[in-house]
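Got some structures for you, see below.
Each of the next two complexes has chain A plus one more chain, namely chain B in the first and chain C in the second.
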Partner chain A sequence: MNLAEQLKEQALTEARRQAAREDGLAALRREGLAALERTDFPGRKTEAWKYTSLRALEDGHLSALAPARELEAPADFGGHRLVFINGRFNEALSQLPDEAGLEVIRLDGSSEAAPGASTEFTTPFAHLNAAALEDGLMLRVAANTAVETPVHVCFVSSADSPATSHTRLHLELGEASSLDLIEHYSGDGPALTNAVTELHAGPASRLRHYRLQSEQTESLHIGSLLLVANRDSRVESYQLMQGSRLRRNDVRAILAESGAELDMRGIFIGRGKSHTDNQVCVEHRVPHCQSHQLYKGLAGDEARLVFNGRIHIHAGARQSSADLTNKNLLLSRGAEVDTKPELEIYNDDVQCSHGTTVGQMDHDALFYLRSRGVDEKTAQRMLGLGFVNELLQALPHEGIAEWARPWLGQSLEQQ
Partner chain B sequence: MSNQQAELDKAIEREYEAGFTTDVESDTLPPGLDEDVIRHISAKKNEPEWLLDWRLQAYRGWQEMPHPRWAHVHYPKIDFNSISYYSAPRSMADGPRSLDEVDPELLRTYEKLGIPLHEQEMLAGVQNPEHAADEQQGSSNVAVDAVFDSVSVATTFKKKLAEAGVIFCSISEAVQEHPELIRKYLGTVVPKGDNFFAALNSAVFTDGSFVYIPPGVRCPMELSTYFRINEANTGQFERTLIVADEGSHVSYLEGCTAPQRDENQLHAAVVELVALPGAQIKYSTVQNWYPGDAEGKGGIYNFVTKRGVAHDNSHISWTQVETGSAITWKYPSVVLRGDNAVGEFYSVALARNYQQADTGTKMIHLGRNTRSTIVSKGISAGHAENSYRGLVRFGPRADNARNFTQCDSLLLGEHCGAHTFPYIESRNPSATVEHEATTSRVSEDQLFLCLQRGLDEEKAVSMIVNGFCKEVFRELPMEFAVEAGKLLEVSLEGAVG
Partner chain C sequence: MLQIRDLHASVGGEEILKGLSLEINPGEVHAIMGPNGSGKSTLANVIAGRDNYEITGGDVLFDGKPLADMAPEERARAGIFLAFQYPVEIPGVSNLEFIKAALESLHEARGEKPLDSVTLLRRAREACKQVNLDQGFLKRGVNEGFSGGEKKRNEILQMLLLEPRLALLDETDSGLDIDSLQTVAKGVNSLRSAERSIVLVTHYQRLLDYIVPDHVHVLSNGQIMKSGDKELARELERKGYGWITQQEEASGA
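Up next, the complex of A and B:
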């Protein structure tokens, strides 16, 4: 039995065990199990997993659920905070918001309002998440509501032996409403976070979404993110992450109705022996939508950064405008960057472009700093931060920019 | 008005110009593929034992390989047993004495293709010593090797080339005359088990061109091969091998056409380039295989493996203008093995009606200070799908390597598609790669400007498209740049509006 078959076997065993439970989530789990049965795990020949091996999961992460734990609260950015530890909601650390128009629904089986899984998710990990879900969260913002305070959802995973925690976050943003949502993953130990996030921006709504992934190097993270932008909505998504043993994000953004606008940015930092794989797909399904993407990656030591950015313009999606930029710095021998910006266009009335570069730190700039007495490490750190500063400065949430700066600096310094 | 309409209709209905068939008596193997067929081909060509073994090994390997499905093209399953793997014009065997004796159909074919008379004689295999003088005085400065179905019909200017020490002949001839060179280089760039179609080619290749340029020689003229598939239900599997020895220079051009037939025909060629230290190879292609009719019926499946190995300080340049074939599956590549080697790829791919093209290049940087440039222009019209698929890879040893890639796509009409799949893999921190791609349609402003100055829409679009492709045409040898421009114009007719 090869690895893909082994993983499927493990996932199915786990999913079948969970499927026996009869509660509000039973329908979701059954759907997930059925989808999981139909889907194969990626093997060596799977194109979308060309650069990423699931060998790290040989340790048996999928066979065990991360145990319940008590941990300290992670960083606070102010605002409403909702904390999950190892996939279970922690009431003590959370402050449930009581803002008019903002509804928080627990997806722990107690409520019947559980949403079904979107058919847009296609990876076996997303199906497993649905099939084995114990606890998740759904946020609903009523029409014409501007939620003033950001909602901060923390997912902490921590384990001493290989185990998985499944997390699920679902957002429905009503017509002409607005929300700032911070999705923050942290943790340590050989824990795998299998995250599914589904965000729907209603007509004329505005969503600002931050996705922070700062788990420690021995942790694993496999995430699926679905963003759906409806008529005249505007979605901004900022994704900051540092590499860990295995980090894989499947991001799908769908411009589902005319007038939608998407702005997605990311900073990917890989140090040590980390592996970071981001697969982003932006789909223009209807006319008159815009999307802009800018990602910057830094790879040092023996880290590997994988990026795949696809822009898909469907037939009939006239007047589409889409661009993507991906810039990468290779800091040392042994590091590797594999990037593939893709365009898939079935319509002539479009303006699409992408650009990507892989290069090194500017020698002249390094020399300049060295000649002024700055040691090499510091100089590298300064230039590395300078490289991503454009993105940091553009973060609308100052608290996150301030939190990210030392965190990025630290990742840049670890040699 | 009605006159104008008629003109317009004519222009729209204008179809594949090289789509004639030639009734040439030919010697064709019955369809089907097994080891006996390969033995038959090999025996027919009087090949040495090692080459037959090589073919059989390739065939056995090929049987184990799955049919590749990763390209962004769609076609029904190919029945490899319905294809005939060998077809030769029979008139060759008798050896005509003068042009009068040559099968007039064959001559007409060349006439239609615009090949000058003295070259026609050579191509038809006229064995007349008087004409040897003509050869020397020929106004054209291009030596041609013509491959008709499975065999090379003739090679011109052999004598003049021989004076310079250049070997330019069909590959079957080279196997007989220069076995040591063939044995040394065949399969070194594209191994027999490289991929599905290359393995098939290695097993059944029937002819192709062989070029060897000795050290320090600058080839005195352009070399050219002309391919034509004529027989129905035959596949064409030619193999080209070009070896440029140290410090030499050669410019080589290939062209191709095929008759208009309702069924799909397979063309699976392999081209291998070896640029030894300091050598320079420029390989240009004007590909005009039959693309199928307006409904997408018929046309050539063009599944080609082209690759060059560039040693120290050498230079390999691929230039291609692709307007034909129902399906194109082709990635001329350069392995930059030596230090300071340079690889270039310039491509124009035009797809209209129901044509599908998945083409691009691979630049594998292994040596230090290696440089590569990729300029790809894709044009899609009608219901066509045009994809650029490329790979730029920097190995850990490729210090200071450099790549620049630009892929632009132009879309004409709302039912076509243009796609870009560039793979970039860097494992060297001192290497730099830049990739840019844009996709848009013909700018309204440019079109307006042309129309305002009295050009009709078709002319205007053709002019704009030509401008869009200028960067690539500039790289073609002069004569062929003009031909390529015209070809594009003809192919675009009826695609606008």
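Up next, the complex of A and C:
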């Protein structure tokens, strides 16, 4: 049996065990299991996984669920906070929001309100998440509701030996409503977080979404994010992450109805021997939508950053406007960046641009700083932060920008 | 303070400084003049420690210690400051942040406590006034989009805050308007003291009317061809460099 087959075997065993449970999540689990059975795990020849090996999962992550634990709460940005520890909701650390029009539904089997598994997810990890889910969260914002306070969902994963936490966050934003949503992943140890996030922005709604991934270097994260923007909605998504042993994000954003607008930005920091792979696909399915994407990557040490940005414009999606920029800075000789834009455009009536760059630290700038007494490491950190600063400055949430600066600085200092 | 003996240095494998000797004592102001491409900036960069500038022979000693063994930041901490001929733009890093980091490292090297942010800001603002730059320049990216003259004044602003013991000013007067020239000169003069030494690399006698040097040197083809007092600068202004290079050829012949 090769690795892909082994992983599938492990995943199926776990999924079948969970599928036996009869509760409010049973339908979701059954759908997940069925999809998992049909799907192969990626192997060396799978194009979308060309640069990312699943060797790190060899130690049996998929066959063990991370046990519940008591852990310290992660960063607080103010606002409503909902904390999950190793995939289970922690009431003591959470404050359930009490705002009119904002409904918080636990996906722990106690409610029948669980959403079905989305067919937009295609990876075996998303299927396994559905099949093995124990606890998750669904947020519903009623039409015409502006939720004043940001909702901050924390997923902390921690383990002493290889184990997986499956996390699930689901949002339905009603017509003409608005919400600021922060999803923050943190933790340590050889824990794998297998995260699924599904966000639906209703007509004329506004979503500001922050996705922070600050797990320690030894941790693993495989995330699936689906964003669906409906008529005249505006979705902003800010994704900040530092590298860890294995970090893979499959992001799919769908402009599903006319007039939708998507603004997606990211900062990817690779350090140590970390491996970070972001696969982003933005799909224009209908006419008159806009998407803007800007990502900056910093790779130091022996870190690897992989980025694949696909813009897919369907035949009927006339008058689409889409741009994508990915800029990378290599901080050391041992670091590597593989970045690729992919355009799939099936009509002529579009405005589309893309660009990717990989550069090195400006030697003159480094000398300038050093000649004023700043040591080399600090100078590199300053230039690195300077490189991503335009994105940090543009973060609408000041608390997150303030939190991110020293955090990103630290991960740069470990070079 | 600074002793240079028979210095040979090359850039990118090509020898630029060819046996240069110079001694600078505490409290002295030296002016270095010389034709384009003669090696003035090379000398300044060798002293500041830019990589690719290789010392292939001779000595450069600062307080008796060889500079070749010191990283650029160590030289800065020892009190060396180079005002660049072409200051570098660093988008994304604010001027104030840059000054703060530089000051912190210098204070740390001296075993002093870092300045609290209120004092730092107050000093930075005072320095802005001294060089006639609006306070808004503190918030902008380092030299980002600054005009030529603003960049030069920003160098002096940093020099005033970092209070070096040996300041090398590489053509800080080039591209300055008359008022800015006086502002810069005032700033430099305010630093003059018995412990501090200043090296002015310049093409223009005018700067030397405001900052009167103790010694003037002519650098040509990687060597000091002639040294004198401030009168030498006036003579050069009248006669041009040809006068010296021809003299040299004549005596060599």
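Side notes on the structure shown:
Here is the rule we go by: the second predicted complex is superposed on the first by the 415 of 415 C-alpha atoms of A that agree within 3 Å, B and C clash if a C-alpha of one lies under 4 Å from a C-alpha of the other, contacts with A are read in each partner's own complex, and residues count from 1 in each chain.
Following the convention adopted for this analysis, a residue touches a chain if its C-beta (ideal position, glycine included) is under 8 Å from a C-beta of that chain, and two chains touch if they have at least 3 such contacts.
Quick caveat: nothing in here was measured; it's all calculated off a predicted structure.
Within the superposed three-chain model, A:371 lies in touch with chain C and out of touch with chain B [touch as defined at top]. In the superposition on chain A, A:333 contacts chain B only, with no contact to chain C.
Applying the stated contact rule after C-alpha superposition, one finds that A:385 touches chain C and leaves chain B untouched. In the superposition on chain A, A:95 makes contact with neither chain B nor chain C.
Taking chain A as the reference chain, the count of touched residues is higher for B when chain B and chain C are set side by side.
Of the two partner chains, neither chain B nor chain C is touched by A:110.
The residues of chain B lying in touch with chain A in their complex are 70, 396, 409, 411-441.
By the touch rule above, chain A contacts chain B in their complex via residues 47, 315-316, 318, 328, 330-360.
Of all residues in chain C, those touching chain A in their complex are 48-51, 71-73, 75-77, 81-82, 84, 87-93, 97-98, 101-102, 105-106, 109, 141-142, 158, 162. Chain A contributes residues 362-365, 367-376, 378-379, 382-383, 385-390 to its touches with chain C in the complex.
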